[in-house]
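Heads up, the thing below is written out as structure tokens.
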Amino acid sequence: MILVMKPQVSEDSLNSLVGEIEKAGLNTHISKGEEVTIVGLVGDKTKIDLTAIEAHPAVDKVIPVTESYKLANKKFHPEPSGFAVKDTFIGPDTMTIMSGPCAVESEEQLLCIARAVKAQGATILRGGAYKPRTSPYSFQGLEEDGLRYMQTASKETGLATICEVTSAHAVASAYKYVDMLQIGARNMQNFELLKEVGKTDMPVLLKRGLSATIDEWLNAAEYIMVGGNTKVALCERGIRTYETATRNTLDLSAVCVLKERTHLPVIVDPSHATGVRSYVEPLAKAAIACGADGLMIEVHNDPAHALSDGPQSLDFDQFASVMTNLKPYITLANRKLS
Amino acid sequence: MILVMKPQVSEDSLNSLVGEIEKAGLNTHISKGEEVTIVGLVGDKTKIDLTAIEAHPAVDKVIPVTESYKLANKKFHPEPSGFAVKDTFIGPDTMTIMSGPCAVESEEQLLCIARAVKAQGATILRGGAYKPRTSPYSFQGLEEDGLRYMQTASKETGLATICEVTSAHAVASAYKYVDMLQIGARNMQNFELLKEVGKTDMPVLLKRGLSATIDEWLNAAEYIMVGGNTKVALCERGIRTYETATRNTLDLSAVCVLKERTHLPVIVDPSHATGVRSYVEPLAKAAIACGADGLMIEVHNDPAHALSDGPQSLDFDQFASVMTNLKPYITLANRKLS
Amino acid sequence: MILVMKPQVSEDSLNSLVGEIEKAGLNTHISKGEEVTIVGLVGDKTKIDLTAIEAHPAVDKVIPVTESYKLANKKFHPEPSGFAVKDTFIGPDTMTIMSGPCAVESEEQLLCIARAVKAQGATILRGGAYKPRTSPYSFQGLEEDGLRYMQTASKETGLATICEVTSAHAVASAYKYVDMLQIGARNMQNFELLKEVGKTDMPVLLKRGLSATIDEWLNAAEYIMVGGNTKVALCERGIRTYETATRNTLDLSAVCVLKERTHLPVIVDPSHATGVRSYVEPLAKAAIACGADGLMIEVHNDPAHALSDGPQSLDFDQFASVMTNLKPYITLANRKLS
Amino acid sequence: MILVMKPQVSEDSLNSLVGEIEKAGLNTHISKGEEVTIVGLVGDKTKIDLTAIEAHPAVDKVIPVTESYKLANKKFHPEPSGFAVKDTFIGPDTMTIMSGPCAVESEEQLLCIARAVKAQGATILRGGAYKPRTSPYSFQGLEEDGLRYMQTASKETGLATICEVTSAHAVASAYKYVDMLQIGARNMQNFELLKEVGKTDMPVLLKRGLSATIDEWLNAAEYIMVGGNTKVALCERGIRTYETATRNTLDLSAVCVLKERTHLPVIVDPSHATGVRSYVEPLAKAAIACGADGLMIEVHNDPAHALSDGPQSLDFDQFASVMTNLKPYITLANRKLS
């Protein structure tokens, strides 16, 4: 950690600060410039109180030089990690396709979609049973019934299943029925929920918050991992910017940044990122091309009558066509459909 | 609601869409322009499936013309609302000052701060017992012990108290000890939590999400109100932008927008918005000047050693000076310290 | 255009507004809903004064339904356009590689880089002679000398050349020496400059403004085209967001949006978008995969000693490796190096 | 300047870097931490090539500790600066009101507005003769005719005048007719234009760019000042964010930040920031309350028929009422109408 001192800080003030820091067992290196003085801190920073340092009258700013996340950090785990979800695998050699409806609407609908996406190469069935909706008057999901239909679809097709969870109660329910838990964008910093899923042994897909920085996102992953659950994949789903031509702005450079900073697998969701059906295929190709480990794509048997997010869902023919067109990109990326 | 049709939509496609809508009991008005055709929908929109309409192949875009929040909407409740919190009041004629430390650290600390803020005119003591922190390795709050200290401080000083809640469990605990519940920015769209506080009869302070639009924020308030709890105040605490000179960008125009759209009271938090102690006074004045009903200001007995958010906290002398300087602005705004 | 009237607008006020509009030769369609009344306008909107309508006391909001750009609009020019730049071509069947240093530093340097990028398949040499720099104390470019070196490099290698122009004076100079003019992000809404390049017959690369919407960008292209110069290509170079992990946030979904809205070719610049050398290759692949017509990639003979933007420049070996790795993606996209 | 080295950088690589830096005449201070090594640079940084350092293979990141602007920097000019504009003054003791129409439409209109705003206490007449408009098909201003009307209005009323300039040509024209030049948001980083106005001796109002950071803005001011013209005032007019409830997001905390970083006066423009007439008064009060030195407020004789920006303009009665309501805030801020 580096402390930039205020200009014209007195010798006394500087010495008193340095004394406090060294008393805590850290070493300091002082660089006096013509314009500013800098103090480098060496040693175990958990021994000192960062905010006390920040508020010290002699300190202008504190510049951290190392990341606060450790378990998710590539520096300490240089090899890319991966994990099984039921019979499929998310990791560096595979391209995992997670597909299904935004919301589970009925058992028949879900089964019909499950068969269709499996036929095209998807290995994880997605489907929302608890839907976080902006307005309380919108459809909120089938809850436990929806989870049961997911289990049925899994038994019938062999697909693994993933469901969003929005409360400790939903975690307990979903754990009984599905194979992977999803934390949605709006809950990325719902730390109580992160701790809940961190106590389970079930794989977790952690979506990026609407305006979360990559560092905040990795710290959110750390909340899960520190609880003992290291089976975490990250899902880029677009960030909020001033641009309204797409629902969110898909940040594919985040895939590149994540590949440098963390060993965790990265999934891209072009459906939610753009909100526009016709942009799913080109951006899915782009995601594979820049290093993603998997894709989340919304598919619906009848998008024109979907209860949620119809405009971005592909119908079965469109999904089949997209999957056909993605295959050479998957091959080029040296991956296999998992 | 207005439907803008795709250019060159066929007569058949248009008629089929209109037929479906009218079957659902709504009326339509069709305007054929030289470039586009528009369909206006009149009647109870809850009878139709909005997303089905959006996904209809003939439809280019759907433009809502009315807001999805009703209980929070000024159109239907033109008078500004207000409510009591213990012996104080938040509403159109008062200026409510909520002050205290970011995090409760000990009983002694809290009592000492409580006395100091009361002496200057604050009527609600703030203090975090459950702290949502970006890193799992940061101080997470004293939890139920912190709540107990809040209760003690309230008994000793007569101040009302407010605490952030981060889970259903925390709501149940806080309800026993404090007078007002706070939903933090990171949980503004934690809809399960909103529903929990909506079931209580306790006043709620709903902070704006890091990048929440005003409409999303009012819909979040609606989640609480639809549960039966209408004692909701909104707290502007800065939004996330590209600018890094301040921690967040305080959006004071949001106060003006809220005053047009909702009857709910509006509190401004310049401490969290800027993260810089010296900006608290000028922005507190500005908040009063543009119509805020209250202020949340962080005060600490020893900011240089605060466990959380030291750089933005005022010490007792600074707070006394700020309060003195705010008073003429409060008078000018035709308000009284509550 | 659609006018949403204020709630409770009087019959008289509505009639007076409609009268004014119809007097101007437009037709109106009125839809009275239970909550709001909507007026659709049909006919030539240039006959009325939009801002007068917006400010009319009966009007709540005006919703445009058609775009203000015409020449750049795909609706009126459905086929993708393209144009020659010296002996190369930018358009739907080619992948145009524009490479070179951020700033021209000397004749020797430029020649050496020109030969290297040509050897790998680039057909347009980029190099800045007028550098818009945030600080007045930074290197500002070699100006006309730099342009002369560009001409020499072009003669020696046969490459076409592109230079940024920052004033009417620079346009006049550059026109004499290079083959394509670049409008930089900071000047995207320097309308006087757009008009200047619109008067020439030279191809123009229009970079997206730091926080320009796609519609503003297409309107900026319209400024050039309305002057008679239709040889415009658009360059996505990242937008400004809250995320600081990359210099800007590369918005690849903009490529998809542009492909729907305009016939103009689209170039992607992963070097400036990210500011990080190692992200150039994966994002260049992604750009090709989602439909870009070309790439702008910074290459330098000695990035560690570049006068400008060193950290994002590739050296010759890195560029050779990137080009080798891009080729299968170019083939997959059914394009050829131009 | 601080260099954070890459982890596991070799002793040789470090020594070679340090050697290069010291050869350039700077001193270095090396701090070796357990996780990273840091090199502090002391001395005249203009002697070294910053980008070469950034691109050095041993360097992870470069952290500047001092600002690149000098003339605008409060550290070197601690007293707030001010300057006369014709017979009025912009500076620390005055509240300068700049009012008038967005665009000059005719001589009669301008005279009529000039008299009205003067009567209420405005001392500078604003009015656009060169209008930068998003679409080339929108009204572009009366150009030199508009400037002439400004001069007439000034002669008649004694008001000082300000006009936006958009090119070197416009600077030359405006210099003949008006008293202050305005650089608009879209041209804040049109460095050629900044250099042009820097060569004159006329006061300049520099509006903040649509998404300019405060540091970029102060560097833009530096471009003007380094040319010899130190009569620069900064105008906050809202920044671009994801929020669409107001046209831009007025960043009043920027006023506080500027007051700490620069001695230059700060003007706030609530009209352009919000685009909504009814928000002008509350935000004007807020601007005064947090330290602004002046306000720019749009006034029009007939806002419903204004050629540009009607919805945000005040009519004469509204402006009179706003000015009356602002007066106690001006007094409270210890300022006088200039």
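General observations
Each chain gets a letter, A, B, C and D, in the order it is written, and its residues are counted from 1.
Here is the rule we use: a residue touches a chain if its C-beta (ideal position, glycine included) is under 8 Å from a C-beta of that chain, and two chains touch if they have at least 3 such contacts.
On a predicted model such as this, the values are computed, not experimentally measured, just so you know.
Counting hops only between chains that touch, chain A reaches chain C in a minimum of 1. When each chain is reduced to the average of its Cα atoms, D sits farthest from chain A. A count of C-beta contacts for the chain pairs A-D and C-D puts C-D on top. Chain B and chain D, compared by their mean Cα positions, are separated by 31 Å. If each chain is reduced to the centroid of its CA atoms, chain A and chain D end up 39 Å from each other.
Averaging C-alpha coordinates per chain places the centre of chain C 26 Å away from that of chain D. Shown for chain C are the residues in touch with two or more other chains, namely 211, 240-242, 244. Chain contacts here are complete: no pair of chains fails to touch. Within the complex formed with chain D, the residues of chain A that make contact are 2, 4, 7, 29-36, 38, 40-43, 63, 65-66, 75, 211, 240-242, 244. Taken in their complex, chain C has these residues touching chain D: 46, 49, 51-52, 54-57, 68-69, 132-138, 166-170, 186-187, 189-193, 209-211, 216, 219, 222-223, 226, 240, 303-311, 313.
Taken together, the chain B residues at the contact with chain D in this complex read 211, 213-215, 239, 241-246, 249-257, 259-260, 273-274, 276, 278-279, 282-283, 285-291, 328-329, 332.
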